[in-house]
């Protein structure tokens, strides 16, 4: 696969994926609320267009630079995440030997982007959202680090391509049953969704997003959807074998398998965000530090024992 | 990109960090000065690793230790700041002058 | 900045109309029914809205807040007065009685070609700049004062761990989604922990009697679920409530099971908002469970016991918990609980007492 | 080959400029939150240089670690400093001439040492498996060093929790962790901090701090018609 195809595939996955997440969101909302779905296929585009045509606003004394750049930073991070994912068994757009560590950097910079978005507005609700998000976003990131290191153990490599190859016999989702569920929690946090939506939540009138209108808000929302795609592609790579397909397939079908697996993870992510209740932050912090973090560590130890020669 | 250029950039970072440490009143800003110095040290370490040792792994290990030192400095630094603040409501160096008197 | 391409406009015109609702007296149920319309989206922040809907009579003390909210809606903006009296100075306001359906007038208002409404407030800081003190904020030195109408953050005791960090004093309300209509609270926040709470204005009391039917209890449950980020489930509650209002048979057991499956009860900390209510101890979980139950109105003759004070229940809670507690009371229950309280004694420069004494101490 | 080399050179000088400029801005910006993210930018530029040096793991790990560290730093800034949003301009510097002098001397001294000493030039091969070598080293010959660093971090964690928690050795920490009396109700064993100094003054600010500007950071004109 040459570079041009890879770039094209990335962009396509990003645009189509964001739209797909929005469609999934609508289906899930309608199913849970027991109502007809309504305008399903065009609905996301219409909502996006209505944000694009409305007017940009200004808050009182914002930190102008970060106020302008935070949505773009979030979007760029989502793109970096997708660029790291190997589309086929032959490689990714950005193929570096420490790919999974770079994804960790994307995770931590996402916390920075959300914080900057809320802080720079210079208003109460966005600031509270940002502050709260950092408190929950950092420990859940630690959980994901343990989970990802566990996934890298059988591959004996930090490169995503090697991690995919190591799953040729058995996918990590089976080998490390704790991994994917814990990693999905991180996905909810990265995309500010449902049970981990501490930044842009209803009890803050939209949180970090509360003071936004117009095209920048469209970028922010698109970035949230794109981050969901990025995360799902990463989860599909690390736990579901990425572009590996059944034995009868050929290597050229790799991107197709990856897309299908990404869509499955996306559906799980969207379902969780509509079906699960969110706890107050202090309760969530207790859960994170006393249950989830030890659990992920147990998973890491188990993976280490399993991977030992 | 030569070793000389890398080391001069690192020296500039160390000089800036030293300025920060000496000039800032606030504890937290003072810690940022230390961090900047360690940033320069990290760059020097990796420069020597890259140009001076033909990639001996011990150089990278030293860089990891520098990072560990940064984390230690942050953790203990913030704990001390919190402890001092709890007792005196002070978060600047000038406020802590008990030893002078 | 906005993008102007004709095809984008056509696409945008088919999106649901985003409304921000300033809920006044006795209008909340009408608004909730309106929000079930697929052509309308009830948004949480005025920054996200196209149309301001003023539903029900707005008290005179809430008028300044209403003006501020209106001016935060991005242009081009429109206002619909639904069962409320427009401000005197407005030219040709669009008025509709609360009994009429609002969805079609909102859709007709929402045309992007026409001009936007002008601001209702002059674009100046809410408090004039006082120019007092060395830094102009009106306090002493760098401390104190009320710059731009907001008290300066000052250190104060922390009820939780004793770390005396800065507190911000803010007024919350009266127009927020899932917030009791008309309630204005003054909160001293340290991070997101409420250190002091004071009721500034009580909520618009219910005038339709103190009846609590299945429908109104389900609506209360919907407000609580929305704060748990269960917006879709909250919508289902509202739909069931609306069906009940139309005298259709409703199945509450399935709804209750769905709420239980979502982990809502596990997510709510046990004992949060615990108080004696109507002669029995209750907390947030038991109240939510009772709302989703089938049994008749539990409040028989509830007037014998003094009601707990809302501000007392909020102190020491995190922001999210505080709002959950507020939403765990029906408007009827909240009626006697949130009585306006006097502001604490203030000094000449409006700093809090402890900050003032601390400064005098320092001099 | 020549083009490639100059491309790396351009990237290096650009990153070096970002690292030094943002490092300088850390101490000249007026908001502490901005300062901590400028420091992050400086770290990220240095990490970029490390990537150019064919040290991918160390470079990426620097970004990763520093993003978290600076985030924590920013939250502490917001927590401790006077204005919640940290947007209030203020200047809190002292002993400027000394500090500038020390910084300049350090820079010139180190640079002179760099320029006058003979420097090795054995660059790493481009296909050097740096991460693999590091992993073998860490869990092989240098395991003791690596583990000691881990233990040091653990003890720092425990120590920081103990230092910053409310319950001190002699009861709650906030009244001032003073030792108990020598006899019942007697004077504390040890020196007593001067209670009247700087107590409750809010951050122990000096009264003549210059350049404090309007505080307009709270609450906002915020969405909710406050």
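Note that the chains take the letters A, B, C and D in the order they are written out, and that residue 1 is the start of every chain.
The rule is simple: contacts are C-beta pairs under 8 Å (C-beta built on N, C-alpha and C of every residue); 3 or more make two chains touch, one makes a residue touch a chain.
Everything numeric here is computed off the predicted structure, so don't read it as measured data.
Asker: Please identify the chain lying most centrally, where each chain is represented by the average of its Cα atoms.
Answerer: A
Asker: Count the C-beta pairs in contact for A-D and for B-D, then report the pair with the higher count.
Answerer: Comparing A-D with B-D, the pair joined by more C-beta contacts is B-D.
Asker: Using the average of all C-alpha atoms in each chain as its centre, how far is it in Å between chain C and chain D?
Answerer: Computed from C-alpha means, the inter-chain centre distance equals 40 Å.
Asker: I'd like the Å distance between the centres of chain A and chain D, where a centre is the mean of that chain's Cα atoms.
Answerer: About 28 Å, centre to centre.
Asker: Indicate the whole-number Å distance between the mean C-alpha point of chain B and the mean C-alpha point of chain D.
Answerer: Their C-alpha centroids are separated by 6 Å.
Asker: Give, as an integer number of Å, the spacing between the C-alpha centres of chain B and chain A.
Answerer: 33
Asker: Which positions in chain D touch two or more other chains at once?
Answerer: Chain D, residues with two or more chain partners: 57, 61, 72, 80-81, 84, 130, 166, 173-174, 198-203, 205, 216-219, 221-224, 226.
Asker: Any chance you could list the residues of chain A touching two or more other chains?
Answerer: Each of 60, 124-125, 131, 205-206, 210-211 in chain A touches at least two other chains.
Asker: List, in ascending order, every residue of chain B touching at least 2 other chains.
Answerer: Counting only residues that touch two or more other chains, chain B contributes 82, 85-86, 89.
Asker: In their shared complex, at which residues does chain B touch chain C?
Answerer: 82, 85-86, 89
Asker: Can you list the chain D residues touching chain A in their complex?
Answerer: 31, 33-34, 37, 40, 56-57, 60-61, 63-64, 67-68, 70-72, 74-75, 78, 84-87, 129-131, 216-224, 226
Asker: Which of the residues in chain D come into contact with chain B in the complex?
Answerer: Going through chain D, the ones touching chain B are 8-9, 12-13, 16, 19-20, 23-24, 26-27, 32, 35-36, 39, 42-43, 46, 49-50, 52-55, 57-58, 61-62, 65, 69, 72-73, 76-77, 80-81, 92-96, 98-100, 102-104, 106-107, 110-111, 114-115, 119-125, 128, 130, 133-134, 136-138, 142, 145-146, 149, 152-153, 156-157, 159-164, 166, 173-174, 176-177, 193-194, 197-206.
Asker: Help me check something: in the complex, which residues belonging to chain B touch chain D?
Answerer: Counting only chain B, the residues touching chain D are 1, 3-26, 28-29, 31-33, 35-36, 39, 42-43, 46-55, 57-58, 60-61, 63-65, 67-68, 70-72, 74-76, 78-83, 85-98, 101.
Asker: Which residues, counting only chain C, touch chain B once they are in their complex?
Answerer: Chain C residues touching chain B: 155, 162-164.
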